[in-house]
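In the two complexes that follow, subunit A is the common piece, with subunit B as its partner first and subunit C second.
Right, the complex of A and B next:
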């Protein structure tokens, strides 16, 4: 910034030198102009900087993600109290070791063939999906891009990791948060993390490759090879 | 405060600095890279639970056991069942492509009624109720006018409950006109009934044979059961078994055989008899079998020794004497020799003389009902429905002679004669068929001289197709009642394609019906119920599934679990008691006697060359077809996956190549890739020339399975249907179409 001011000052004598030396008032005006324009330059710089920072930190994240509501506001806490095997009661491992992920309608129907309680969300679920045998189009917060291979069995069964390490305490939530979909990639905001700068406090705040690598480095001594996940 | 150049630049610098200090560029870069690595328009198959469902492939008669890999409710891959008696884990190109026939866009999605002219392809979607009512009304009308016998049904099979129900329907309705599409099985069935006695189909214990003498059978080109044969071929290579391929063209089978013997086309029977001559003359035959279990060996011996000496045979067949002697000795000297026939894939019946002569070779070496030999296999007898109680109309209708003349005084040995049926429809003043049902068949494509077949269809006022896509025959129908695809339905499939075991397979609904289609079995039951009376009474089942479960009884559980049921008590009868002919022995001259050579056996009764159409002067070349595993040529055409595998010396863009020996090409001053017009007495076609040393001079060969009009852009309009260029040649005594080629000429285009 000083450089700009200096330059402005340096320019003035040159200009003076080129003009008639007796015309001092002009000279004075020039110097005043230079000071004024130096201030404006700074001002404009600050405006630009501030606008870009606001755009980058506040507006951009709002524009980048679209807000989507889950089809049914599922209460994890309520269900968790009723089941015996915790998360695995519904998010179970199949016989072949593959992970079932989000439960299918068939599982829900085991209990919810008819409306059981008074929750309007349950009623909506039964009427819209159970009655018509339509699968619920759940929006999956933790869905990784298609180019990523991930085995739950290796992490949960073999390494005995807790679900919360990656998924946090979703099992204790009473409502489903708004699903924020990245307009460019189409994946959930939870992969990059809520914090647009990518800072995280908890292990479950972010699900990027670096997070996988960090844990792998710590637990296995190696970040792992590309093809372990990108097959 | 003015936005001059300096200020503007300063603003810009500020924006750049601010942007750099914000997450925007870094986050955008990350998102864009994820986006580019996972293009949203690239289809990603949904993840889900992996399951496998065992079933049977019904795309050809081979009967391979398949296990279909599913992700949730979607079938994603077809694999072979390990340990299955037919294919033991293998699967062919057509089988692999089966999912395209299930999910492909050309499926017929609901019943269709023709609104334009026949063949125009203009359809109106109608409801099942309307479709079935229309059929019932038409059938009711014909029946009330005492014309029940004018209803006919063409089917690809006569085994199992669906053909059984169709046949039962015709019986209860009053028509004897159930017709199976022709194949080599017709010839084998007739030959076996005359030589062994009784009804049986030929089983080939190929896996255990140590010397295979193939008279033109495309063993690894799709003969009988393609995957089983390819597996057998591997066994032969490992066991160092010998394979001799006798045919005028170097097919894949010939190329992979130990010896290829080029022969003048249509003279195979003479060669087989020539080999028999040597075997008998040199006393190399199995004396135990011939003396104890054969009825007429001496008569056979006399005529063969008299008329089929190696010199004569060499002249007829073009195979030199030395080769004849050597082949005969090798064949008779092998411990488990097997002689087989059925040209190419065996899609046409072919000459019964040929089957009889080849089968006589097996009998001479005693390799009948023995490991590595030919077995007469009776079909599993599990359909035990109560006899149809026919009313007066049905009884009188059933007494009528069949339209095709099979089983009549003229052709007492034939079961089905579709080629004659076409002739009968065309030659009568009024079509003897007033209503026709077609299932699992595409006669307007697969029969010789398709234009005549289409003409016959034009003369039939009411044609109903059960096809699940618009093939050439469905295009000429009035109503299409689309059947479930093979992966959507239950159906029992008794395996008969040359298997030496009695096996029933079960086709299972791997996925739910994708469209508004209906099982053929259910359609028959519903029509019967609409017609009422004794017809309805003949179908005491609520639906097809109930019928099938009741029919299969205690076999059902095993069928559902394994996909097939194999008769544990099955074994071929020992020679003693194996034959049900008049003499209760094997009859070398069974076929000859049926030809009228009862008293005075002459050489012509054993071998009369099949004269092909066209005179040699106007048509100096001989056109023969060839079959390939890459080109499905039955009722189902190549799915997109399969057609993409066809070499560009067979099909390039839309042009088909005919194979020609360079020597022949020289005479025509024609070179590789040139266009030419191929003329036969039946039609002409623009073709390209492929020079091939593996075809005998004077012959040209054309692939089968091309020239479809549908069902999709991948297949339609590519190449020429060989059947448009050839006409049937009828066997005078048995009525079968025995054609093997046609004369042709060529003009450079």
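Right, the complex of A and C next:
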């Protein structure tokens, strides 16, 4: 297969030899074109690589997660000051050992039957949910897939772990952060972690199986059998 | 310290089923299906693709009237621990996905549905046909999905499932124990659904290694046997029968075969 370039190369030495004196703009252009195209390939490669990296590391993660606002901007710090038993005042254990998780409306009504303060969020809460007796559709950052069994009793009661180990310092927050939902899996971004590459600085940065296994290995000397955390 | 603690916690949950008491009513099967969200189809006549974690078999002694005898035999997962309690149960040792494992702290063989990719090697390996494949996604009659057990995750198409000895009940019982500051369970705190449902009281469930549990003595009965004992799968489900032909059938002795001395591992 001969291309135009091959022909040009075959011809060019003769042309150069014969007409040495005459300026040959065509020839010069040919050589320049060859160099330029190499440069262009490199340039396009770099541009392409950069574009792919930007797409993969910045645009895709942005597209992957949808931003959702919590129905009510709950102030943990404010409530934490008013209650006596810390986190367990509202997030309590039932008698049968199960964990209540996010409080139900009935619990909130105990204090918030009517608007108490001047916070517009509280007013919104009382008007929309308390008055109509609708449960607040809270978005749970730590919700795990259905196949996961997690025992709060085993961790908090038996192993005496602090809530912050997994949940971070949410008890000291004055606003609820935006809930980022994975568009593919439907789970919160807190499960995978904020860092898309998977690096984590704190124990509560990520809540994947590897994170559970790592801590179990360290604390109990074994990752545990499958049924310990799966159902 | 850690090792000691681990040893303390080691259990060997198992079952003793008295076949003399079993009437074959099938209450255990119904209770199991309701408890464990076991899917079913409109037409369950094809038993090759129906799913029953515990299945009641009907045995006959093969004799004609008036010597005919029948015996009903409920068969859950045997939770085999293999030779020397190493946990090399037939299914666990063949699973290429590590979707099933032997828990040395409870003696229970797990099945992790999200890990299973449906090769069905374990089904071929299990000599008790205790494992079932989901050929379809479960379809519940309208409204029934609201009454599913939230502690047992429903399976999807393409995975294998089997009896878990109602492990979620163990988890729930442990949760209660932890909140009360205990780490040990009473015998009646963890019982499987089939055990509780049996109207004849034929099924007894407990820790086979715990002298305080009823199964500890029952399994020592001279009438006790296990299924296919000579395969050395070391099952944790014992059967009791006062009838010799039933005990023989349990180890699949063929008519022409002389009775070989049983070796219990």
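The criterion applied here is as follows: the second predicted complex is superposed on the first by the 197 of 231 C-alpha atoms of A that agree within 3 Å, B and C clash if a C-alpha of one lies under 4 Å from a C-alpha of the other, contacts with A are read in each partner's own complex, and residues count from 1 in each chain.
In this section, contacts are C-beta pairs under 8 Å (C-beta built on N, C-alpha and C of every residue); 3 or more make two chains touch, one makes a residue touch a chain.
None of the values given here were measured: they were computed from a predicted structure.
By the touch criterion defined above, A:83 lies against neither subunit B nor subunit C after alignment on the C-alpha atoms of chain A. In the superposed pair of complexes, A:157 makes contact with subunit C only, with no contact to subunit B. Of the two partner chains, neither subunit B nor subunit C is touched by A:131.
Once the two complexes are laid over each other on the shared chain, residue contacts for A:221 go to subunit C alone; subunit B is not touched.
Applying the stated contact rule after C-alpha superposition, one finds that A:101 touches subunit B and leaves subunit C untouched. Ranked by how many residues of subunit A each touches, subunit B and subunit C are led by B.
Look at A:147: by the touch rule set out above, it reaches both subunit B and subunit C. In the superposition on chain A, contact is made by A:56 with subunit B only, not with subunit C. When the two complexes are overlaid on their common chain A, residue A:45 makes contact with subunit B while staying clear of subunit C. When the two structures are aligned on the shared chain, A:192 is found in touch with subunit B, with no touch to subunit C. Residues 96, 98, 145-147 of subunit A touch subunit B in one complex and subunit C in the other. Residues of subunit A touching subunit B in their complex: 4, 37, 40-53, 55-57, 60-61, 64, 94, 96, 98, 100-101, 104, 145-147, 182, 184-187, 192, 196-198. The touching residues of subunit B, when paired with subunit A in their complex, are 1-4, 6-8, 10-19, 21-24, 26-28, 30-32, 34-35, 37-38, 40, 44, 47, 49-50, 72.
Residue ranges on subunit C touching subunit A, taken from their complex, read 2-3, 6, 99-106, 108, 110, 112-115, 151-154, 164, 167-168, 171-181, 183. On the subunit A side of its complex with subunit C, the touching residues are 93, 95-98, 145-147, 149, 151-154, 157-158, 220-222, 225-228, 230-231.
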